[in-house]
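Once you've had a glance at the structure underneath, I'll fire off some questions.
In this document, chain identifiers A, B, C, D, E and F correspond to the written order of the chains, with residue numbering beginning at 1 in each.
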Amino acid sequence: MRILVVNPNSTVSMTAKIGTAARRVARSGTEIVAVNPKDAPASIQGFHDIAMCLPALLGELRGHGRCDAVVIACFDDTGLDAARCAVDVPVIGIGEAAFHAASFISCRFSVVTTLRRSVPSIEANLVRYGLAARCGRVRASDIPVLALEEAGPDMMERLGREIEMAIDEDQAEAIVLGCAGMADMAAGLAERYGLPVVEGVSSAVLMAEAMAASGLKTSRIGGYAAAN
Amino acid sequence: MRILVVNPNSTVSMTAKIGTAARRVARSGTEIVAVNPKDAPASIQGFHDIAMCLPALLGELRGHGRCDAVVIACFDDTGLDAARCAVDVPVIGIGEAAFHAASFISCRFSVVTTLRRSVPSIEANLVRYGLAARCGRVRASDIPVLALEEAGPDMMERLGREIEMAIDEDQAEAIVLGCAGMADMAAGLAERYGLPVVEGVSSAVLMAEAMAASGLKTSRIGGYAAAN
Amino acid sequence: MRILVVNPNSTVSMTAKIGTAARRVARSGTEIVAVNPKDAPASIQGFHDIAMCLPALLGELRGHGRCDAVVIACFDDTGLDAARCAVDVPVIGIGEAAFHAASFISCRFSVVTTLRRSVPSIEANLVRYGLAARCGRVRASDIPVLALEEAGPDMMERLGREIEMAIDEDQAEAIVLGCAGMADMAAGLAERYGLPVVEGVSSAVLMAEAMAASGLKTSRIGGYAAAN
Amino acid sequence: MRILVVNPNSTVSMTAKIGTAARRVARSGTEIVAVNPKDAPASIQGFHDIAMCLPALLGELRGHGRCDAVVIACFDDTGLDAARCAVDVPVIGIGEAAFHAASFISCRFSVVTTLRRSVPSIEANLVRYGLAARCGRVRASDIPVLALEEAGPDMMERLGREIEMAIDEDQAEAIVLGCAGMADMAAGLAERYGLPVVEGVSSAVLMAEAMAASGLKTSRIGGYAAAN
Amino acid sequence: MRILVVNPNSTVSMTAKIGTAARRVARSGTEIVAVNPKDAPASIQGFHDIAMCLPALLGELRGHGRCDAVVIACFDDTGLDAARCAVDVPVIGIGEAAFHAASFISCRFSVVTTLRRSVPSIEANLVRYGLAARCGRVRASDIPVLALEEAGPDMMERLGREIEMAIDEDQAEAIVLGCAGMADMAAGLAERYGLPVVEGVSSAVLMAEAMAASGLKTSRIGGYAAAN
Amino acid sequence: MRILVVNPNSTVSMTAKIGTAARRVARSGTEIVAVNPKDAPASIQGFHDIAMCLPALLGELRGHGRCDAVVIACFDDTGLDAARCAVDVPVIGIGEAAFHAASFISCRFSVVTTLRRSVPSIEANLVRYGLAARCGRVRASDIPVLALEEAGPDMMERLGREIEMAIDEDQAEAIVLGCAGMADMAAGLAERYGLPVVEGVSSAVLMAEAMAASGLKTSRIGGYAAAN
């Protein structure tokens, strides 16, 4: 099996982190192809970045050979619907997958993401997926996406404060980390705070493998009619 | 007052139709600047077109001089959130405005749009705005966007069939026409079927004038933080 | 254009304040006719007042000459549905208009109103309009309606405390002032707290002008069938 | 126990029908006091009638001696919230009670009411109570309220057609009759169509007795603060 | 009238408390038959207990003679839907009844229950009944069910703290006590905190009497088709 | 990897069909252990069967050796929450998994299940999961569960009629088959009707493998606290 994982921003260290997180959980026979466009914003923070990165992201769907599924590695699930019209194989977003995975192991989860400006698009996605019913709150840690590339104990502390508040104020039973750049922090945070911490890259790669194995393809008779 | 009206597709006859509909209702002192990008899809039908037209649409926000408000003249409200981050003046989408206007004059409205593939994004917008609470159903007339440019009685008939079903099956009290290209049909359909028919271009221009006169500006402290 | 603005309570100083707020934003060619019944409660606070003022409010819809739209200047949108059955021209409530305006410039707003007893009817309206999806919380400042007639810095301080909590606890990006008597405070609060503050009288007058210019009339085929 | 049952319209034959329906189910020791204002519309059909009848309805809450609970015998639950502010004893609306009763014996119910113009206020109540979650559809039979006073087999037939459609199209498991004037038809319709048919007058009287026996009183610390 | 009240746990002191609460409000001619299975968990705390007690609970529906209605005296409304398929008479759950009763006397209520693990099933029930629309929050007091059998002032204090927070943080206007074992505390808490405190056993017995008197039976044409 | 798949009914031919469907999609290194209790209803149809089968189903969770995940192979997701409290490994229901899978490849799906009495519990699950937002309608084919064991072209025809109506009336873009006994029909129906047909056994086994590989465990800090 071959899974294409597209990071829509141009920061190669994030693409590498994403690839590592993907390979950690993927099946032994699965090849992970982690890519990013060259001509794209360095990070996706907020509605304007989400809009500007779309054509380049969609351009990355082709040119990497046959694949069995696609993962969009931006927690906003940028371009998810457009991608489903553009390729025949299943497409999964990392935000989407993390929400679904958290729904299997908790009655309620909270999301901890980067900046306040990123919160509304995540909230809108939760409503669209129906999974707002399972989410206590989407919290901003005030850590810019690119600051995660210099991750250190300070990052863990700042995320940890939001996690503690989520458990106490939101009655969260699990945490979803709201940025691809947090992929390598999940295990440490779960151990420290004693609850499941879900990370989207691994969740999406596993869901993508599952959908590829199912034989199911994106429906062509409605909103996902094939792009011309 | 000066209102910029952006048609995100490249079909100049639609831009002209949009400009005419805008000027029909605008205040006498308002200048309507109706534009479209050169490098954009000929029509916006479905998620993929919506994604691909965004950078060109956002590019049109600048370069037309000072304006007091912006209207996005695509019924999907393409790029609405991104545009609100990009400019200081209020931005209104024609789908959004039509839904709000219909809410002021009816207990329930139905939408009649073009193709089936365009329905899910409109439904998603209604949910996001909260106005799904006011909508009976989003109906597809199976008329491609560009076919509206050759409008004739056949178009009116096909839209009329959906309108009759909306009144009978959805208990709709008003109709919202779900495409900028239907702008010139509203009055005729209202007269024939005896209920209000709301069209988005005029609704949005009027709302844009209202917001410009209010002095209110898009909030910068959350999701609409200024784009870098 | 001629807009009738009805204050359902009998406090003439509030009617004057409402008229001033309306004229500040209305088009140069628009005549604002601000009225209140003689025989009505001095203020509308809670469900009982809302019910008792209705026949007098509806009586004010006639007798002031031809108008192009009507504004109901009570934040509870008292009698809005009944008024839509009683007159042919569009009717807009100031609560309704403020919510719609706030939806155009923010991802989430909170309302700050007068007494705790007034909160549930505002919440019920938000649900009915569908705009509860856009509201963080409806907050009570514990300021009685008539105390606003003696507005001073103390009023601004008390409202300000709720505004600060709304930004911090509700993640509000804009504030809606929840009483016609707060009409003259919006600009000062917006400047002090650095976010949009929406006031209903001006929002409703602008929406009323927009609807009057649209040519759209209230639908007669459902809930707003003409009153006998 | 003494239950005050207020018919907000002035049609005495309906008040008599209401009183009969109430006494049929009330406890042996309960006195039913069925009244109507003299100065009120002959029937309540639509938003305008609902508004105009309120002061007279609220006036009937006093002057009939001590009672243990109040029933508002108009399916729109006209003035329910205002009445709860005006008296100390529990107040139940017949629409409200019918919805609650139907929720105890079915997974989904549909409502069959009189005119199309009456449907939106019933739908709004269902949403406010939360019980829209349990309702398939609110159907109009096109029978004016006063026509029910001349009830005959034709009435049963017309209601029956909507009931059959509700079972088939809405997957309704029970029917709620949406007008006080239908009170005497429930048993016959239940027998003919083989499913529970819930009528609001008897439901509300039984709920009123239950609440009076409970010792619970309307809360005074929020929206139902005592009217001045 | 004869009402069967089933306590699904095997703690006889709770069954006695339940019987006492039931008889305090029941009509003078009503016989309360309070029972519990012998072979059942000592208390119902969480999803696993809810599942394990079901066959024994359903077994108690028979063997106690003819009854006119059944009350399930576990705040989770354990087995409510199954019981409605198993017997012909109406079945009411104490959680369900408490929510309905609170809806008649307040605009918003909060629930105070025992352990955190019991909160999600109560929240799920509120959503299913539609009454989540009326609930501010479901709060856990951290008091195990069986600790209530040794009730003393400490219990009242702990519940009281949650009640105060509910009034302040949730804007609750009434409290619903979320465990059958709290049945004897309602009056004392209402007096101390000055708002209605609703208890499920008495609410359910009164609703059960009302439904028995109504003549309405559980619908057999949908989800509650008779069990084989 | 070892996945335990529990059929809660006692029909061994269904258990065999379930095992076959599971092995068709499972990874090459995964062992599927398909079991059913001896002492359980022959089929699960409706709320009463759901309740009665729970202790036996929960008893099957132990005694089959170490496993990495559990699948509950009843479309009602019977005992899902209880099972999550009883074992340490992830537990997935086949209804749940089918809804999640359908959400990845369509904007809207409809469910086609067996009897009308089974529809409400499926609808309740959809609401609980939040995925009711993605479902058009839950349709009953009137085929009893055990009749599927004698599957023939007649079964395909009857399901096909509901599928056609789902596409036409519900605007469904995918179909979810609503019974474990339909597991072997998905491919044939997809080919005949030209849209994705999702079957729960394979979906759940794939999700279970994904969750087992993720390292995520059910949260113990809320509703899924470990059963005593």
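Here, a residue touches a chain if its C-beta (ideal position, glycine included) is under 8 Å from a C-beta of that chain, and two chains touch if they have at least 3 such contacts.
The structure presented is a predicted model; accordingly, all values stated were derived computationally and were not measured.
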item	value
Chains in simultaneous contact with chain A and chain E	C, F
Winner on C-beta contact pairs when C-E is weighed against C-D	C-D
Most distant chain from chain F by Cα centroid	C
Identity of the chain that, by mean CA position, is farthest from chain E	B
Cα-centroid distance, chain D relative to chain F, in whole angstrom	42
Rounded Å distance, chain A centre to chain D centre (Cα mean)	51
Between chain F and chain E, distance of the C-alpha-averaged centres to the nearest whole Å	31
Numbers and ranges of chain E residues touching at least 2 other chains	84, 107-108, 116, 119-120, 127-128, 133, 171, 221-224
Chains that touch, pairwise	A-B, A-C, A-E, A-F, B-C, B-D, B-F, C-D, C-E, D-E, D-F, E-F
Chain F partner contacts - residues on chain B that touch it in the complex	116, 119-120, 123, 127
Complex interface listing, chain D residues touching chain F	107-108, 133, 171
Sites on chain E touched by chain D in the complex	25, 27, 84, 90, 92, 96, 100-101, 103-108, 127-134, 167, 171, 173-174, 187, 194-196, 198, 202-203, 206-207, 209-211, 213-224
Residues on chain E engaged by chain F in the complex (per definition of touch)	46-52, 54-55, 58, 79, 81-82, 84-86, 115-117, 119-121, 124, 127-128, 221-225, 227-228
